[in-house]
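In what follows, chain A forms one complex with chain B and a second complex with chain C.
== the complex of A and B ==
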C-alpha cells in the first residue's frame, strides 16, 4: 500500500517551504523538505564593492537574522585584513549577539513551537486561552530587541557596529538601563523554564544525530569561537568550514544541503548544548539540569527546550558582559584602522539557528571579488529530512493528517529560516 | 528604549536588496531626514515587522509603508485601514516573505492598548523585486507622493 503526504506551505516558520513524503508498505520512499523561497543571488550587488560596504549589504539578506549576518561579515572582513579589534569591541559584539539570540528564541519557543505542544493552530488561537504565554514570549523578545537597539543603534540592520569596532558606543547610562531590563528578563525566563519543564517532549524522531557547534579557545559556552567542533570528537578551525559543510544541490529545494563525510548533521541551540553544555554555569546550568539537557540527547524536540536554556544563558551572560564593560569603563574608542590587501577571510558566529559562515576574497584595493555564505538552515536541511524519515517509518500506521502534523512539528523544531537559506551569496569564480 | 512621547509610529517595511521591495525603507529613511512633529517616531524594520514591539507603548496610530501587489500599475499607492487589510487578506499579497498581517494580529493580541491604535497601510505597487539596490523608475517616481501621503496621515485625526 502506498500513500503520499504533500504540505504546500509550512506554517509558523520563517519563509516559504513545504514537505513531500511518499510511503510504500510502511517504508518512506521519498522524504523532502521543499524550500520554495525564490533563489536570490546577490553576487551582482556585492562584486566590486569596497569592504566597508559589504556588511551593510549582506545584513539585508534577512531581517530576522540581520545582526548575526552583520557581525559574521565584519569578522570575515577583519580576518582578511588582519584586523585585531579591542577587548571592548569583543564584549559589545558578544552582547549584541546575545540580544539576537533572546529575540529569536523567545519568538520561536512561545509563538511558533508552543502551539504544537498545547494543541493550537498558531499563536493567535493559543493567545485566546493562554494570553500569559504569548505575552511572556513577546516581553522576552522585546528585551532582545532592546539589547540590539542599544548596542547596534537599531533593532534591525545595525548601524553602530562597523568593521574594526563601533562607530558609536553605548553610554554607561544606557548600559545600566539595559541591565535593569535584562534582570527583569531573567525572572521572566525562569518562569519560562518552570512552564516548559511541565510539558512533555515528543520522542518519535529520536535517532543517531551528529552535532556541530563553534567553541572558543577558552572552552566557555559562547556564540563565538575559533573551532568547529563535532559531537564525534572531531574539530576544525573555522577556515576549514568547507570540510564540515560539504554542500550539494538537491532538485526539490532552492537551498543547498550540507553533509559531513556523507552524514547529515544538526546545528543550533541543541547542538551548542550537546557540545558545550558542560561549560554552562549559574542559572543556565540549573535550567539545563531542570529541563533534562545536562546529558546527551538525540531528540530534535529538545531543540525547543535548549532554546529556553539559552534564553536564560543569554540574559545572564548579557548582565555579566555589561558588568564587565562598566567595570572597565566604557570608552568612546574609534574603530581599528583597516589596511587593505589582496586576501581571503572567513568569519563564523552562532546564529540562533546554528553556525553562520561568511567567507570573502578581496583585491588589493579592498574590493570584493568572491563571497560564500552558508546559513544554518542549509546545514540542517539534510538532518531535517533524516528526522522526518525516522518519524514516517515509526508513525506509518497513524492517520495521514496526524502524520502530516507531526512532520510539520519536526521541521518547526529546527526553527528554520528559509529566507536565509536561499538568500545565499555564492560567488566562487572570483 | 521606549519613547512614550512617540504617539504616532511610522514604519518602513521591506528589503532594499530587492529593488522595489525596499520602497518602505527608502521612504522611512527620507522621512527620518525631515523635520516632523515631536510626537512622531519614524523607524524602518527591514522585513522583521515584529521588531516594532518595543515601541508600541502609548502609540495611538501606526502608519506602515510597504510594497503591496494588488495588480495595479507599478508605483500605484494603495491605502488600507486594518479592517480593510483583514477583509482583503485573501487577495492581498505583500511582496516579501514576512506576513505583516499575522504580525499585526499577534501584536494586537499581546500588546496592551495596541488593539485600540489606528493602523494604516500605505502600499506601493512594485514593478520588480529582483535583486537590485535601486528601485525601478516607476516606484522611485512615486516616493514624493508616498511621503506626502504619510504627512497627510500625520495631520489627520485618529
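== the complex of A and C ==
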C-alpha cells in the first residue's frame, strides 16, 4: 500500500516551502523539504562592490536575520583586511546580536510554534483565548527589537553598524533606559519558562543527532566564537567551515544541503545548548534545568524549549553587557580605519537559527571578487529530512492529516528561514 | 454587525521584511487584527483564504519566478486595492540590480548544471505586471508609514507621498551634510523622504533604499559626486542598488552600460 503527502505551502515559517512524502508499506520512500523560494543570485549583486557596501547588501538576504547577516559580513571584511575593532565595539555588537536573538526567538516560540501546542492556526486566533500568552510573546519580541533599534538604528536591516564599528555610539542614557527594559524582560522570560515547562514535548522524531555550534576561546556560552564544535568532539577553526558544511545541490530545493562526513547535522538554539550548555550560569542555567535541557537530548522539539532558555540567557547577558559598557564609560568612537588589500576573509556568528558563515575575497582596491554565504537553514535541511523520515516511519499508521500536521511541526521546530537558505551566495574557487 | 474590511498580506520573492515590520507592530498588532479581517497571512497563520474577495491586498517582494506573475494576477483580481509594500514590490529592489545579466548564466554559476531546472525571470516590481494602487516603499518600509496608511486605505483614501527628498528631512534635523562637508556618496538628494533621514542621522550616507523622489535631479547628483572624486562605476553601483528599473534612474544607468 502506498500513500503520499504533499504540503504545497508550509505556513508559519519564513519564506516559501513545502513538504513531499511518499510512503510504501510503512516505509518512507521519499521525504523532501521543498524549498522553492525564488532565487535572487546575490553573488552577481556583490561582485565589484566596494567592501563597505557589502554588509548593507547581504543584510537584504533576510529580514529576521538581517542583524546577524550584517555583523557576520562585517567580521568577514575585517578579517580580510586585518581590522581590529575596539573592545567597546565588540561589546556593542554582542549586545546587538542578543537583541536579534530575543526578537527572533520570541516570534518563533509564541507566534509560530506555540499555536501547534495549543491547537490554533496562528497567534491571532490564539489571542482570542490566550491573550496573556500572545502579549507576553509580543512584549519580549519588542524588547529584542528595542535593543536592535538602540544599537543598530533599525530593527530590520540595521543602519548604524558599519565595518570597523558604529556610525553613532548609543549614549550612556540610552543604554541605561534599555537596561531597565531588559530587567522587565527578564521577569517576563521567567513567566515564559514557567508556562513552557507545563507543556508536553512530543517525542516522535527522537533519533541520533549530530550538533554543531560555535565556541569562543574563553569557553563561555556565546553567539560568537572562533571554533566550530561538533557534538562528536571534533572541532575546526571557522576558516575551515567548508570541512563541516560540504554543500551539494538537490533537485527539489533551491537551497543546497550540507553534510559532515556524509552525516546530516543540526545547528540552532538546541545545538548551542547541547554543545555549550554547561557554560550557562545564573537564571539561564536554572531555566535549562527546569526545562530538562541540562542533559543530552536528541529530540528536535526541544529546540522550541531551548529557544526559551536562550531568551533568558540573552536578556541576562544583555544586562551584563550594558553594565560592562557603562562601567568602562561609553565613548563616541569613530569606526576603525580600514586599509584595503587583496585578501580573503571569513566571519561566523550564531544566528537565532544556527551558525552563519560569510567568506569573501577582495582585490587590492577592496572590491569584492568572490563570496560564499552559508546560512543555518541550508545546514539544517538534510537533518529536517532525516527527522521527517523518522516521524513518517513511526507514525505510518496515523491518518494522513494528522501525519501531515506532525510533519509541519517537525519543520517548524527548526524555525526554518527559507529566504536565507536559498539566497546563499556562492562564487567559490576564489 | 459591522463587516470588517478583508485584508490579505502576501509575500513574493524577498526577505519577508515588510511582513516582519507588520509583526513588529507589537503594540498595535492585536488592535489591527481586531479592526480588520486578516484573510491571508501565510507567515503568521495556517488558516488562509486563497480565493475570496479582499478589500486590500498588501504585497511585498519582487516578481522573480514565472509562476509569481500568475499569483500576482490572481491577487489583483480578488482585491479592490493592491498596495505594494517595500522597495522590492515598489521599485524592483536589490534583486533587480543587475537585470542586464543573463539569468541562465547566474543560475549555472550558483547551482552548476543541476540548477538548470530552476526557472527564474529578471526581477521586476509589481507594476510591471498589474495595476498598483499605492506604494509604501522603503527597505524595509517604515512601520509608521504602514500604521498611518492602513486606516486611510480602509476608507478608500490614498495617503499623500512626500514630494521632497531625504535631503530635506536631513536639513530639518540639522545634520552635518555628509555629501558636501564629508564628501560621502550620499543619495539623500535623490531619495523619497519619509524615513526622517534615518541613516544620515547616524552619520551613515543615504543608500537610496526608498527609491527615487519625483523629479529627482540625477544628472546634477552624478556631477557633484564625480567632482568629489567618485568613479562613474561606483556612482552607478550606488544608484542601481534599490531601484534600477525606475525610470528616473534608467537613463543614467544605461549611459554607464553603453559608455
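A few remarks follow.
Basically, the second predicted complex is superposed on the first by the 428 of 430 C-alpha atoms of A that agree within 3 Å, B and C clash if a C-alpha of one lies under 4 Å from a C-alpha of the other, contacts with A are read in each partner's own complex, and residues count from 1 in each chain.
Going forward, a contact is a pair of C-beta atoms (placed from the backbone, for glycine too) under 8 Å apart; a residue touches a chain by one contact, two chains touch by 3 or more.
Every value quoted in this text rests on a predicted model; they were computed, and no experiment measured them.
With chain A as the common reference for superposition, the partners chain B and chain C occupy clashing space. Of the two partner chains, chain C is the only one that A:160 touches; chain B does not reach it. Shared-chain residue A:44: touches chain B and chain C both.
Residue contacts after overlaying the shared chain place A:177 against chain B, while chain C stays out of touching range. In the superposition on chain A, the chain among chain B and chain C reaching more residues of chain A is C. By the document's definition of touching, neither partner reaches A:18: not chain B, not chain C. Applying the stated contact rule after C-alpha superposition, one finds that A:150 touches chain B and leaves chain C untouched.
Once the two complexes are overlaid on the shared chain, A:216 sits clear of chain B and of chain C alike.
Using the contact criterion defined above for the overlaid structures, shared-chain residue A:61 touches chain B and also reaches chain C. Within the superposed three-chain model, A:282 lies out of touch with both chain B and chain C [touch as defined at top].
The clash between chain C and chain B in the superposition falls on 236-244, which is one of the stretches 110-118, 182-190, 218-226 or 236-244.
Within chain A, the residues touching chain B in one complex and chain C in the other are 14-16, 37, 40-41, 44-45, 57, 60-64, 66, 107, 111, 122-124, 127, 131, 134-135, 138, 141-142, 145, 154-157, 419.
Across the complex, chain B meets chain A through its residues 1, 15-18, 43-48, 50-54, 97-98, 102, 105-107, 109-111, 131-133.
On chain C, the positions that touch chain A within their shared complex are 11-17, 19-21, 23-24, 26-27, 29-30, 33, 38, 41-48, 64-65, 68, 93-95, 97-98, 101, 103, 106-107, 109-112, 114-115, 117-118, 120, 123, 139-140, 198-199, 201-204, 207, 209, 233-234, 237-238, 241.
Listing the residues of chain A that touch chain B in their complex gives 14-16, 37, 40-42, 44-45, 57, 60-64, 66, 103, 107, 111, 122-124, 127, 131, 134-135, 138, 141-142, 145-146, 149-150, 154-157, 174, 177, 418-419. Put simply, chain A touches chain C in their complex at residues 9, 11-16, 36-41, 43-45, 48-50, 53, 56-57, 60-64, 66, 107, 111-112, 115, 121-125, 127, 131, 134-135, 138-139, 141-142, 145, 153-157, 159-160, 162, 166-168, 249, 251, 254, 256, 408, 419, 424-427.
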